[in-house]
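Order of writing sets the chain letters: A, B, C and D. Residues in each chain are counted from 1.
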Amino acid sequence: MEVSLKTRLGPIELSHPVINASGTFDVLSADLVLEEDLFDRFPFSAYVPKTVTLKPRRGNPPPRLYETAAGLLNSIGLANAGIDAFIREDLPRLAQLPVPVIASVAGESTDEYGACAGLMEGRPEVAAVELNVSCPNLELGGRALGLDPERTHRTVALAREATSKFLIVKLTPNVTDIVEIASAAVDAGADALSLINTVHGMALDRYHLKPVLGHLSGGLSGPAIKPVALRAVFLVSRAFASLPIIGMGGVTDGQDALEFLAAGAAAVAVGTASFRDPLAAAGIANELRKLMQERGIGSVAELSGLAQR
Amino acid sequence: MDAGLIPANLYECPVVESRQVGAYRQVSFVAPEIAALAQPGQFMMVRLAGKSLDPLLPRPMGVHDVDSDLVKMIIDPVGKGSVALAGAAVGDRLSVLGPLGCGFDLEGAGPAVLVAGGMGAAPLTMLARALAARGREVACILGFKTRSQAMVSELYRDVHVEVVTEDGSAGRCGLACDLLPGLVEKRRGRELPEIFACGPAEMLAEVARMARKHGARAQVSVAAHMACGIGSCQGCAVSRSGGYVKACTDGPVFDAEDLQWR
Amino acid sequence: MEVSLKTRLGPIELSHPVINASGTFDVLSADLVLEEDLFDRFPFSAYVPKTVTLKPRRGNPPPRLYETAAGLLNSIGLANAGIDAFIREDLPRLAQLPVPVIASVAGESTDEYGACAGLMEGRPEVAAVELNVSCPNLELGGRALGLDPERTHRTVALAREATSKFLIVKLTPNVTDIVEIASAAVDAGADALSLINTVHGMALDRYHLKPVLGHLSGGLSGPAIKPVALRAVFLVSRAFASLPIIGMGGVTDGQDALEFLAAGAAAVAVGTASFRDPLAAAGIANELRKLMQERGIGSVAELSGLAQR
Amino acid sequence: MDAGLIPANLYECPVVESRQVGAYRQVSFVAPEIAALAQPGQFMMVRLAGKSLDPLLPRPMGVHDVDSDLVKMIIDPVGKGSVALAGAAVGDRLSVLGPLGCGFDLEGAGPAVLVAGGMGAAPLTMLARALAARGREVACILGFKTRSQAMVSELYRDVHVEVVTEDGSAGRCGLACDLLPGLVEKRRGRELPEIFACGPAEMLAEVARMARKHGARAQVSVAAHMACGIGSCQGCAVSRSGGYVKACTDGPVFDAEDLQWR
């Protein structure tokens, strides 16, 4: 049986549904290290660079990583060289990729989100903008903007004004009601949602019994959070039937991708699994095709939202 | 998307030997490409092949030694990842990405002093041999907590090593750094030795301090928690004045004077 | 070195810090099945029966369980025979246990919480009351009362009026700010908190790609959620230094218990791990003793909150 | 707290044989106490011993057969837990709690018809033998999807079985239940047979319907997701009119007429 893996995020056509999760695959670095011409053979159907902010950020003090049961805690703290360096140094090289580039931006204030989105406006290399409103340690008191429906609305509205690009908003699961936050983002003009960013968590050093991360607490990713992510995708996609959703959180094999799509996603993103195997995404897309074949599902459109029907 | 897209330097490697060396475990596996390329101080990202999610991620492991097609690593089983790797039995397969990172710069000329603390002794074996092969005078100080750890010093076959243990159960009693000033002082007026070090953070800080004091160059291999090993995650940050660098791609070996020491 | 495992929850002295998590160990059933006289040799230092409600509840349709990566999803739905049956049939037998009994109660409305707490008042067999304000599928729209600070306050205040017993309130992690909810519970008169109940999640049947649980979504427990639980214990115990906290979420071995106590708990509860080995708690307490010995920690008081200092 | 508190019926059992039986895996392990006690229809909670959290929980597995000290189970590797158990190698240790649950009631007198679907054939071997030992006339219908599953019927050594496959690749073509009316009809006017069944939910529902229609008693072994196996979690709910019962302690064998069938 012929299976088409093609999918779309609004106007953006993707050759298959597997993209990367922001902050987990640095193609410019990986291309130097992996003995594989990544620009020729790219495993993801779109590329999302690490989130950039208006000003450069050093990021949080180490240790920044700790493995937990089937999960990974991180507290990178949006370390990045700033949006100017991104535009000047990275974008020209990323434009050579054979897939669309989705720029991920964040601000240390609501205004900065608008400014960052605006700076992407004139860039033909950028196919879409992803607003990361879900990273902790930004703004006052270290609370992500995306924890609050009003602030989410304000932030997304500002970015919406600043850009005509396809606008994706990436939400945090660390809220009482993710559908309420999703609703605020959609009301304010989001074209699509990415679900989910990491889950708040903490680990102690087994010897010293102090928080192991330099930043004390961090974000949990990987298979451990897959049930949380699947639920978010399912609930939000049920509430906003025609909204494109990029599902992520623990996608590790083709079966996971299949399930996220069935829950209502139009595409899935692979994060932590790329640390097990940097090109895991290629295998995931292949397995997905096989599983769709076995089940007689001919297209992503047919699959997407199956769990809802 | 491409059918069989796997990085050319990611290998599935059968384990051919696993043996206890005192407190540590030495595991040897078949990896001809890594054996051919690995430079002293480089590392690999290693996990048990397969789908088990416990442990979830590979662990950075230094290349201890190579022997024709074989690569050897020495494992200190302290936590989930290292215990799992130390338990790899003959016939088990490892998923290995490597060799990775920047190893030691061997281009210097004068005498070399190698200082290792605990597991830090593992990656320095190859270095000692490589430096000797370049005709450099090599002195090794290996510091351990106790005798069972110190047994790893037997793996420094052709190289003379000075063993130090904290409890005095093998070699001299003390810390590796205790011997460093003597070795440097001894050469007062002669060519200053270059220091190469691998070990716990406090030891490296002490090495850096002494090197600065004596005006000697010190190359240190730092430890950091790593997820990707290829510069993707920014998890392996190491402090340098003005910001952080990545241990996995900018290191793990750094010039001590380039780093920020507390 | 002599190590004392003794700890206390307000006036209640416990011989060691390991109790069971409500709904995960049914001593009356286990005593029949396990060939071990549980009433003579009881692994937990206190016994928390499954949550009971005013009226009997059938619980949710099966399937009610699904294993995820290092976790377990459940949607039992507070199946129980009702508080009258509990008082009449179970309590007299539970009174024979060699440890204090902590009755767990929930209501389908705020009032019912008060009523349930009141029914425990005259019972000398009951050492403390745990208010489960964190189970989904109760009250209007299936939202747990404990998702909202005002409703939490109202519920706890009603129960507080109804009983003079030591009052423990069990919170859900599925909120934007657990310290805010904790604060509401403490303000309303909670003597102690149990942290955490399960994390919202969902799984799809791998073949049919429909939600696998009869209730669609459920609660995630087990090692997967340990980072979420540790963070909750750490944050709440930092905010309320002298408040006794029962820490739970993925406690599987002595090291886990050690970490929860270091994070600020006065006792830990074992849930999902009892499904791996029904008397796992005994091993956990032993391992805890050994680890405290190795680290030269002489008492639980010395250990509790170490991560904060 | 008590030092070595482990339930007297929780055992760590070495695997002594693992072999493929068509599509299924037969794993035998040493468990003298379980072998001595197990009744047809009882089950065990089984996982690989050790600390790995993947899989996290034990799985209910029917007792397929006992042979002096050995207990045998037959595994259909369909998901994470069953694949892990099917992969248990000789020498691996299993953590086994059991025997658990209420097995089949053997007290009846007349002829017995055993109906199994797929993996349901595993636990009925012991039953067939036990019924025959009590002098009851035993007929077995074993239904499978295909030939590779049907190979498990070879394990019914001394018992005559009628094999049915959905694709006709072994035995007759059809479903196990197709043969049931014939067997019951055949005895019109004589003593009604008692039906014993184990298999997928749809098959059990059909068995229940037929039994009701003919006025025969049917005992069915139901499947349910289980976490504890000892009545602690309420996870294994099975519908009975007016509420739920627990498959682990009230079952897994029930009188078909006591359950609610859709």
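Going forward, a residue touches a chain if its C-beta (ideal position, glycine included) is under 8 Å from a C-beta of that chain, and two chains touch if they have at least 3 such contacts.
From a predicted model like this one, the values you see are computed outputs, not experimental measurements.
J.: Under the document's definition of touching, what chains do subunit A and subunit D have as common neighbours?
T.: Looking at subunit D and subunit A together, the chains touching each of them are B, C.
J.: Between chain pairs C-D and B-C, which one is joined by a greater number of C-beta pairs in contact?
T.: Counting C-beta pairs in contact, C-D comes out ahead.
J.: Distance from the CA centroid of subunit A to that of subunit C, rounded to the nearest Å?
T.: Here subunit A and subunit C have centroids separated by 34 Å.
J.: Distance from the CA centroid of subunit B to that of subunit C, rounded to the nearest Å?
T.: Centre separation, subunit B to subunit C: 45 Å.
J.: From the mean C-alpha coordinate of subunit B to that of subunit D, what's the distance rounded to whole Å?
T.: 54
J.: For subunit D, give me the residues that contact two or more of the other chains.
T.: 53-54, in rising order.
J.: Please output the residue numbers of subunit C that touch at least 2 other chains, ranges allowed.
T.: Those would be 69-71, 206, 222-223.
J.: When you draw the chains as points and link the ones that touch, which shape shows up: line, ring, star, complete, or other?
T.: Its topology is that of a complete graph.
J.: How about subunit D: which of its residues touch subunit A in the complex?
T.: Where subunit D meets subunit A, its residues are 53-54.
J.: In the complex formed with subunit C, which residues of subunit D make contact?
T.: These residues of subunit D touch subunit C: 1-10, 47, 51, 53-58, 79-81, 95, 97, 100, 224-228, 230-239, 243-244, 249.
J.: Using the touch definition from the top, list the residues of subunit C that touch subunit D in their complex.
T.: Subunit C reaches subunit D through residues 5, 15-16, 18, 23-26, 29-30, 32-36, 41, 43, 45, 50, 58-59, 61-67, 69-72, 74, 76, 79, 206, 222-223, 252-253, 272, 274-279, 282-283, 285-286.
J.: Using the touch definition from the top, list the residues of subunit A that touch subunit D in their complex.
T.: Where subunit A meets subunit D, its residues are 69-70.
J.: Provide the residue numbers of subunit C that touch subunit A in the complex, in ascending order.
T.: 68-71, 73, 147-148, 174-177, 199-204, 206, 209-211, 216-217, 220, 222-228, 230-231, 234, 250, 255, 258-259, 262-263, 295, 303, 306-307
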